[in-house]
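Next come two complexes built around chain A: one with chain B, the other with chain C.
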Partner chain A sequence: MSSDDLALMAHLMRRAGFGATRDELEAYVANGYEATVEDLLHPRDRGNLPDDVIRRYHVAADENLSIGTVKWMYRMITTRCPLEEKLTLFWHGLFATSYFKGNQARTQMNQFNTFRRHALGSFRDLLVQLSRDPAMIFWLDNNDNHAGAINENYGRELLELFSMGEGNYTEEDVKECARAFTGWTIGNVDYMTAKGLKDSFSPYGRIAWHYEYVPDDHDDGQKTFLGETGRFNGEDAVDIIVRQPATAQFISRRLFQFFTADEVDEEGEKVVEAMVQAYFDSGYEIRCVLRALFTSPYFKSEQARFARVKAPVELVVGAARLSGSYREPTLDIDAVQAGATFMGQAIGRPPDVSGWNEGDEWLDGGTVMERVNFAAKEIGDVSKPGIRAIIDRLTTDNDGVLSPGDLVDRCLDLLGPLPVSEETRDSLTSHVAEHGDLHLAGRRQGGESEQRVGELLGLIAATPEFQFA
Partner chain B sequence: MSSNGQDRALVLLQMVGGNDYLNTVVPYSNEIYYDARPSIAHEADGVLKIDDEVGFRPGLEPIKRLWDEGKVAIINGIGYANPNRSHFRSRDIWDTALPEAVGTEGWLGRAIRDLDPKGDNVLTGVNFGRGLPRALACKGVPVASVGDLETYGLFPDMADESAKKLAVEVFSRMYGGAQGKEAVMGFLGQTATDALRGADIIRTAPASYSSGVEYASNGIANGLKNAAQVMFADLGTRIYYTQYGSFDTHSGEVMKHDELWRDTAEAVGDFWDDVTEHGLDDDTVVFMFSEFGRRVRDNGSGTDHGSGGVAFVIGNSVKGGMYGDLPSLREKDLLEGDLHFNNDFRQTYTTLLQDWLGLDAPSIVNGQFETFDFLAN
Partner chain C sequence: MSTHPATKTFSLEYVKTIGMISAGGSGVGGRGFNNPVGLDVSSDGRIFVVNRTQIRVCICNMDEEFLGDFASGLGSENGQLHLPTAMAFDSQDRLYVTDEMTHRVSIFDTEGNFLGKWGEQGDGDGQLNGPSGIEFDSEDNAYVVDQHNHRVQKYSRDGDYLLQWGEFGDGDGQLNLPWGIGVDADDNVYVADWRNDRIQKFSSDGRFLASYGESGDGDGQFNRPADVAVDRDGYMYVADWENQRVQVLDSDGVFQLQLRGQATLSQWADDFFAANPDEGEPRSRSNLTPSMPPHLDTPYHAASQSESLFWEPICVTLDRQGRLYVTESRRHRFQVYQRT
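Take a look at the complex of A and B:
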């Protein structure tokens, strides 16, 4: 098992998931890169705890957004289908629907479930499901979109932010798109929207919303949309949208940015082209687009490594996966969600319909401190199973005697592998050297030599390099 | 002290969740108030009367005291056109001074940038709380976010002080090294180094603090006490920001609103006494505000989101009195069923930025707005 193989696999797992422990990485490498990519693209092992079992550990207050999203965080931490969860997060960021308008947690969690179900499949199906999603309908006012009195909001954002991007359609297209989606609304819409807007849970609590199609309110007249003419309904409009080269470009580019690099350089453009091709060849399957991405030489190259600032959720979930925390869905997982919120990413509450601003926008004086403190605390804790596993591995190296340089290098390797700059490595080694060689053989559990390792691991989690994925 | 606005401090307290205007500044002689609020109206007897129309709710005694000393400006009917009744959206609007679009720069972030254009003092603006409120966010402008002054900084969970010190040194070396690098890594190094510098400086504040004032121990008292400690440590901080809540009293308002305001008023009173004791009362102004008011009608046990609200501006330099107009409670005068705002919040912002901090307001609040004259010159 070469160090290159491990580094590449770690990169894949950071991108296609939320990172992996050394044990997991070795298993993936033994399986092979291509095979691992296929496993990610075809999630089969659904040994994840089902929702009703999670509820036995956790508070069953599904009307509360924090509780619902905490359960999703637990899934992210323990999933055996990491790409599926990571993609769900991607779709949530892209089809950004925020809690604050409708105030319906249950409905919002249903939306996330829809994203998960359709994450890897047909983009066409996903867009149709999105158009039927009550949280989205309300969020973009499609419940106010009536035959003869259209509301353009959903029609516009569908084209601008969810499929094609500005400049690839006309204002007329926006109107025709809106017309196609008239009648796509919510059951008992007046009552439900009044409750939502007033954020009132009296007198019957918050009731989950449902999609309802009202044929009488649907404008079934002739429409000319993106150059085609017909009596289009919403599904027809989606069919036309997904056929467009602009759509293929847009979605491939967004996937590239999320999974590969915040910036698309010249080489990256070529990968996007390959993804566009896969999109059409496969009949709009996201699975195939991602295969083209993950198997591209660019994705596997050094250039793509650590080219993204970790989003808060990636950081907290990644740290929890490494430390082996939260194996059970107990109440204290809310620390993970709170952490991500203080770092600027509140699940279920993107700032607006265009989602979160990524890259260096995640970093400011307040968030940097939160990020470093969270990761250092999580990963520096020698009582945690994942950290104990690392200490165990170190103990078998060289009979458990490690020079400062070796200790730093091994820890960087086991936590990553994480390449660091000269300055970072020197800072870590001189710190460790204060107390000389480390002797782990015959160590006492929680004793001084273990604490030294914990402290070093915490410092590695605090490095600038650790902020990147 | 200074006459050119140099050392003046602005302390902002955001009441998160939408504070109920009508149960804070109570129109105790208005029949409609009692008709509309059978479950939660304050009895006229208990109201701390300001004039024969309105008075403060019980519990606001410390603020009434300051009112009697002529130090409180009440901004009635503060809000903005096309009110948004969503917490997050409305807070964003107040934070970015942009009701009609989604902004990314906070008005206070811009103010901090204008107060310290070269970024010489990383503690020019400090938030007392975790995370960075959008009001203070502006790319490239360092702002410290202090959850708890006693434990603020890196590695707060490291019990061993000397180990922590060494760890912080490692951090400093690593991020100092990153500073010289390009693009995002360089930006990260700079940001982290600034944050560390701020933490080192601000850490000294509690140690140098001594006061005769005893604060209560609750969230808002702690926040304001921390602000006082930083203020008296003379670190050059100009903007102090803290939040308290939640004032989102959809249900159980009688008890909740009472508790919230007793804590808040006491904390503000104690803070003001502390500031006075340290001779900084001429150079400090406190601004208390919320993202919207609440419905006129109660819902049986509380109130739902409204729009037109109330704000307080407090200080020696403040010309105490009522500003804005008392909104009418009559059905026909309401805006979409809520109290009609009669002054844009950016007017108050402009007054504070221009008349208190000596800054160019229009570029910060995205437009020209009439000022109030509650800041004596």
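Take a look at the complex of A and C:
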């Protein structure tokens, strides 16, 4: 198994997932790159911590946002199909809906489930379901979009932020789009609005919302939308939207930026064009668009690696997967969610309808400290099963005797492989050298030699290089 | 949906709903419950309810008077609870509460005074790893479900270890994350074998006697049964948690009926809406039992959207009058039924 193969596979799993342990990487490499991509694109045998086990322990799961979102954290940490969860996170960022307005955790969890269910399928189906999603309806006021008295909010964001992008439609298109979605609302809208706006649990807890179509409130008149004329309803509007070249460009570009690089350079434009082609060839299948991306030479290139700052959720979930934590329900899971929140990415609470600002904006003085502390604590803990697996591997190297340089190189390899600058490597090696060679043979669990490894792993997790995917 | 009698000899009548969510955020706020997980009735008819969120034991009665609370606030000190899971009275009105975080059983009197405790984390004799269901036999021996050790342990009422049975697996006598427990008039023990989707019956010394149910949502099938209670005639009342219903089987395991829940407004809920007409008025115009789109057409989602249905029935309790109390952790209430 070549180090190049391992490095490439590690890159794929950082981007299409949340990173991978060495055992997982070796299995993926044995499977082959293209076959692994196909497995990621066709999720099955997920193996994640089951919902019922989580709900038995966290009895209020779904009823308030924090406990609801830890369910998703467990899923991201334990799934064997990480692309599905990564894409769900992507859709959550793109179709950003916040808890703060409806105060409806169950409904928001249902929205995440909708994103997951349609994550890799037809973009057309996803947009239809998005338009029927009660959390989105309430978030963008489509419950106030009536025949004869339109509210443009959803129609506008559907075009601007969710599908085509600014400059590709007219103000008249916005109005006509809104007309097409009149009558698309939530059931018991008056009662649900009263409860939502008051954040009322009383008397019997939340009542989850459901979509309702009210024919009498739908404007069934003729509309001209994006150059086509007819008595369009919402599904017709989506059909027209997904046929637009601008939509193919928009969604391909956003996927490229999320999975590959913040900026689309000249070479990147060629990949985007291939993704656009796959979008139309496949009938708008996201799975096919991503296949074009992940198998492109650009995505596999050295240039693409470690070129994106890990988003907070990527960082905390990746650290937890590496350490092997949270395989069973525990109150400690709150620390994972809280960690991401303190780093600037509160699941279920994006800052506004345009989602989170990705890229370098994740890093500032305060968030860097949170990121470093979280990762170092998680990965420096020698009691965690994933870290013990790393120590076991180190023990088999040279009969468990490692010079400071060897120890640093092996740990960098097992945590990535993670390339670091000479300066970083020298700094790590100097620190380890203070106590000479490491002798792991005959080590005691949690003893001094293991703690030295844990300390080094924590230091590596605190390096600037570890912040990148 | 309410009841579906399968025979002429067994039926249950809905009596009333008691409870609503208690006020306040993380603090404790007077009348109400917050994710109740266990319920039992003292010899004088008072109803004790232990809450998983806003942790405390609440006391009320069938007239819906809120009588007070104790063990308030999260903690691990004597008299405090951390992750309470279930509770039961012995014959002397001493209340035993299990706690899966502290791995112990705490004992209180009916005034809320702390009387004692037992248990520590482990898998040795008498040690516990996530205690959940608890019930007493006619001699005041306690049977405690030791969920993560996949076994049942029997203690004296003072916590002296007596014996144990069970191990992980799905064969006869084996268990997979068991949860609730019941004892019949002959001191046979019934265990809600949660992840095996069945109820197992044992003698009081742990000898396997019978198994009832299998995975599914049909009559007599279970999806993660959380609790079981047995009346004097041997009828088993099962909190079929993931199917969001209660099923009743006869002593041979033959299906009798199912309850899906038919909650009405409790007095406390009525009072709430009287004080909050901005919610009460639109509620009166609402369809509170909507039909579900296909992707949400599951018992869980239906329960989450329909106020009258059981939502996560977690505990079934019988009192001395044969009334059935179904505690719903997600609706912050319990529904009462009476055998007719």
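We take it that the second predicted complex is superposed on the first by the 465 of 469 C-alpha atoms of A that agree within 3 Å, B and C clash if a C-alpha of one lies under 4 Å from a C-alpha of the other, contacts with A are read in each partner's own complex, and residues count from 1 in each chain.
Throughout what follows, a contact is a pair of C-beta atoms (placed from the backbone, for glycine too) under 8 Å apart; a residue touches a chain by one contact, two chains touch by 3 or more.
Since the model is a prediction, treat every value here as computed from it, not as a measurement.
In the superposed model, A:Ala375 makes contact with neither chain B nor chain C. Using the contact criterion defined above for the overlaid structures, shared-chain residue A:Ser98 touches chain B, although it does not reach chain C. Applying the stated contact rule after C-alpha superposition, one finds that A:Ala208 touches chain C and leaves chain B untouched. In the superposed model, more residues of chain A are touched by B than by the other of chain B and chain C. In the superposed pair of complexes, A:Asp352 makes contact with chain B only, with no contact to chain C. With both structures placed on the common chain, the touch criterion links A:Arg55 to chain C but leaves chain B unconnected. Of the two partner chains placed by superposition, only chain B is touched by A:Gly344; chain C is not. With the contact threshold set out at the top, residues 198, 200-202 of chain A are in contact with chain B in one structure and with chain C in the other. For chain A in complex with chain B, the residues that touch the partner chain are 98-101, 197-202, 262, 309, 341-344, 349, 351-352, 354, 357, 359-361, 363-370, 372-373, 376-377, 421-424, 426-428, 431, 434, 455, 458-459, 462-464, 467-468. Contact residues on chain A toward chain C in their complex (touch as defined above): 52-53, 55-57, 59-60, 62-63, 106, 110, 114, 117, 187-188, 190-191, 193-195, 198, 200-212, 331.
Within the complex formed with chain A, the residues of chain C that make contact are 20-21, 23, 35, 37, 52-53, 83, 100-101, 177, 179, 194, 224, 226, 242, 263, 265-266, 268-269, 272-273, 276, 278-279, 282-283, 285-288, 290, 292-293, 295-296, 301, 304-307, 311-312, 314, 329-333.
The part of chain B that touches chain A in the complex is made up of residues 85-89, 92, 102, 104, 122, 127, 130-132, 137, 139, 142-145, 153-157, 163, 166-167, 169-171, 173-178, 181, 184-185, 187-189, 191-192, 194-195, 198-199, 248, 250-251, 295, 299-301, 304-305.
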